[in-house]
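Two complexes, one shared chain (subunit A), two partners (subunit B, subunit C).
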Partner chain A sequence: MNLDDELRSALQRQEPPPDFAERVMARVAAAPPRQAPRPWFRLPATRWAMAMAATVLLAVGCLEYRRYEGERAKSQVLLAVRIAASKLNKAQRKVQMISHRSNS
Partner chain B sequence: MPEQVRPTAAGWNFESLVRQHQSMVFSIVWHILRDRPVAEELAQDVFLSLHQHLGELESPEHVQFWLRKVASNRALDVARRRLRRPMVSLENAPEPVSVSDPGDPMLGTALQKLVAALPEKARAIVVLRYQEDLDPAEIARVLGIPVGTVKSQLQRALGLLRQKLARSLGEIGI
Partner chain C sequence: MKAAACLIACVLLAVPASAQEVKWNFDKLAAKASDTVDVSLSGGLLRLATKFLSDDDKDEAQVKKLVGGLKGIYVKSFEFKKPGEYTAADLESFRAPLRSPDWERIVGVHSTEEGETVEVYVKNAGKTISGLAIIASEPKELTLVNIVGPIDLDSLSQLGGHFGIPEVETEKKK
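Let's turn to the complex of A and B:
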């Protein structure tokens, strides 16, 4: 006995019932049309994630802008102080020169 | 072999595909499950799924490969779900009582029963090997497992079948 041949014979293809194809076609006709998968950017979860990301981005942008404005104001005040200090130094030097001359 | 159904400009002729492949799909499921009503239902489900995925399939060979893969895997899923119920393993399965001459239809029935008692993965491998005449590399692609696993499981399954059959034939004096 050849087991390979016996298995081939035992496991031959078998025909399904005669109305098999008709029943498949009836089920296909009755099945609801398959909806095309939504693109990723239209999925509710993606929309929520995008809204959250936009909100976070906006909040971070506002904070960053306020920080930048504060830094700019601070550097302007420092510049003004530096200019005033240099003017005062010049004036002080002139006063010292005049008083030195009048004393001599 | 019947001529393969090919897609036209308008797409596939689905009914022709069903008629061409119905015996292949039904037999894969039937030989793995040995339950005619379930096999019919599952084979119909496979074709329904084919109808939904037809746009993704490019050639008749692709359709045939897809059908073998889906039919085998769905039958394996059902077989695994049934495993939760107590089942008799091949080693403990009762010997077929009415084995007669090789080539006899009774031997075929006995072999079908022994194949049905194999562990489910080995059963699918034997069905694809002997019903569909696939080589181990093709079986590995269909089932998504390594070729080495296919070869070892096939050898083990054949050894078990030989043992069981020899015991049965010995008992009735053939």
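Let's turn to the complex of A and C:
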């Protein structure tokens, strides 16, 4: 048998067995459904990292807001004390001026 | 029975609150003022402010000590563009809540030349001062101060010379 005959024999059209299509379809149905790959943001590690980042951000935000409130309150206290002390001093000065006048 | 208990509780809670801050009505003046300073610090905010006052800075440490035991600081200062924007009746309405026996006027000075008046009231609780109120009026300025809680007037006046407040020359220094 020469090469031409061998090729002809090898490439000769062969009909599939009659139940071939059914068997293929049965195996397809029996195979477990292939899961789509999870997006990166749904990975457990990413979720944990995002939760941690959110917690840290919230904590930092709270601390910053508290610091801002504290600094604001501090400047208000200083302003209030400054005003109160200046008015008290003004009254004191006037009392002293009057007592000076009455002494001299 | 429950309603009566609630009513009593409400009254008991309301009395100390009303006995603290002086209730002044500023609505009329606020509308006329060209500039207003409004400081209202009570409870938690005052305690928070105290935490932010430095112990290392001499002035701030002094203020911290002064306001440490206070329950509230309220300051209203109005500046007007021209004189006569507030009346004697307005001043009288501010004096009205500062009546004896709760309040006592310890200083009242009036300068006809400058048209200035400063009145200092204290609220006595036994031997200590539990509150301070100042009404200071000038032709174009009106300032009201109410400090709630035990206040040391000497310490407050000692702040003269600090924060840009002119120092009072006392007899001892002469």
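What we mean here is this: the second predicted complex is superposed on the first by the 54 of 104 C-alpha atoms of A that agree within 3 Å, B and C clash if a C-alpha of one lies under 4 Å from a C-alpha of the other, contacts with A are read in each partner's own complex, and residues count from 1 in each chain.
Definition applied: a residue touches a chain if its C-beta (ideal position, glycine included) is under 8 Å from a C-beta of that chain, and two chains touch if they have at least 3 such contacts.
Bear in mind that the values here come from a model prediction, so they are computed numbers and not experimental data.
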Pick one for A:83: touches subunit B only (first), subunit C only (second), both, or neither. second
Taking the superposition on A as described, I'd like to know which of subunit B and subunit C A:94 touches: first, second, both or neither. second
Just to be sure I read the superposition right, which of the two partners does A:12 touch: subunit B = first, subunit C = second, or both, or neither? first
State whether A:57 touches subunit B only (first), subunit C only (second), both chains, or neither. neither
Can A:49 be said to touch subunit B (first), subunit C (second), both, or neither? neither
State whether A:4 touches subunit B only (first), subunit C only (second), both chains, or neither. first
If we overlay the two complexes on their shared chain A, which of subunit B and subunit C does A:71 touch? Say first, second, both or neither. second
Taking the touch rule as given, give the residues of subunit B at its contact with subunit A in the complex, in rising order. 14-15, 18-19, 22-24, 26-27, 30-31, 40, 43-44, 47-48, 51-52, 102-103, 107-109, 111-112, 115, 126-127, 129-131, 133, 158, 161-162, 165, 169
Counting only contacts in the complex, subunit A reaches subunit C at residues 66, 69-71, 73-74, 76-96, 98
Touching subunit B in the complex, subunit A uses residues 1, 3-4, 6-17, 20-21, 23-25, 27-28, 31, 34
Subunit C contacts subunit A in the complex at 37, 39, 41, 45-46, 48-53, 60, 63, 66-67, 73-75, 77, 107, 109, 111, 116, 118-120, 132, 134, 136, 143, 145, 147, 153, 156-157, 159-160, 162-171
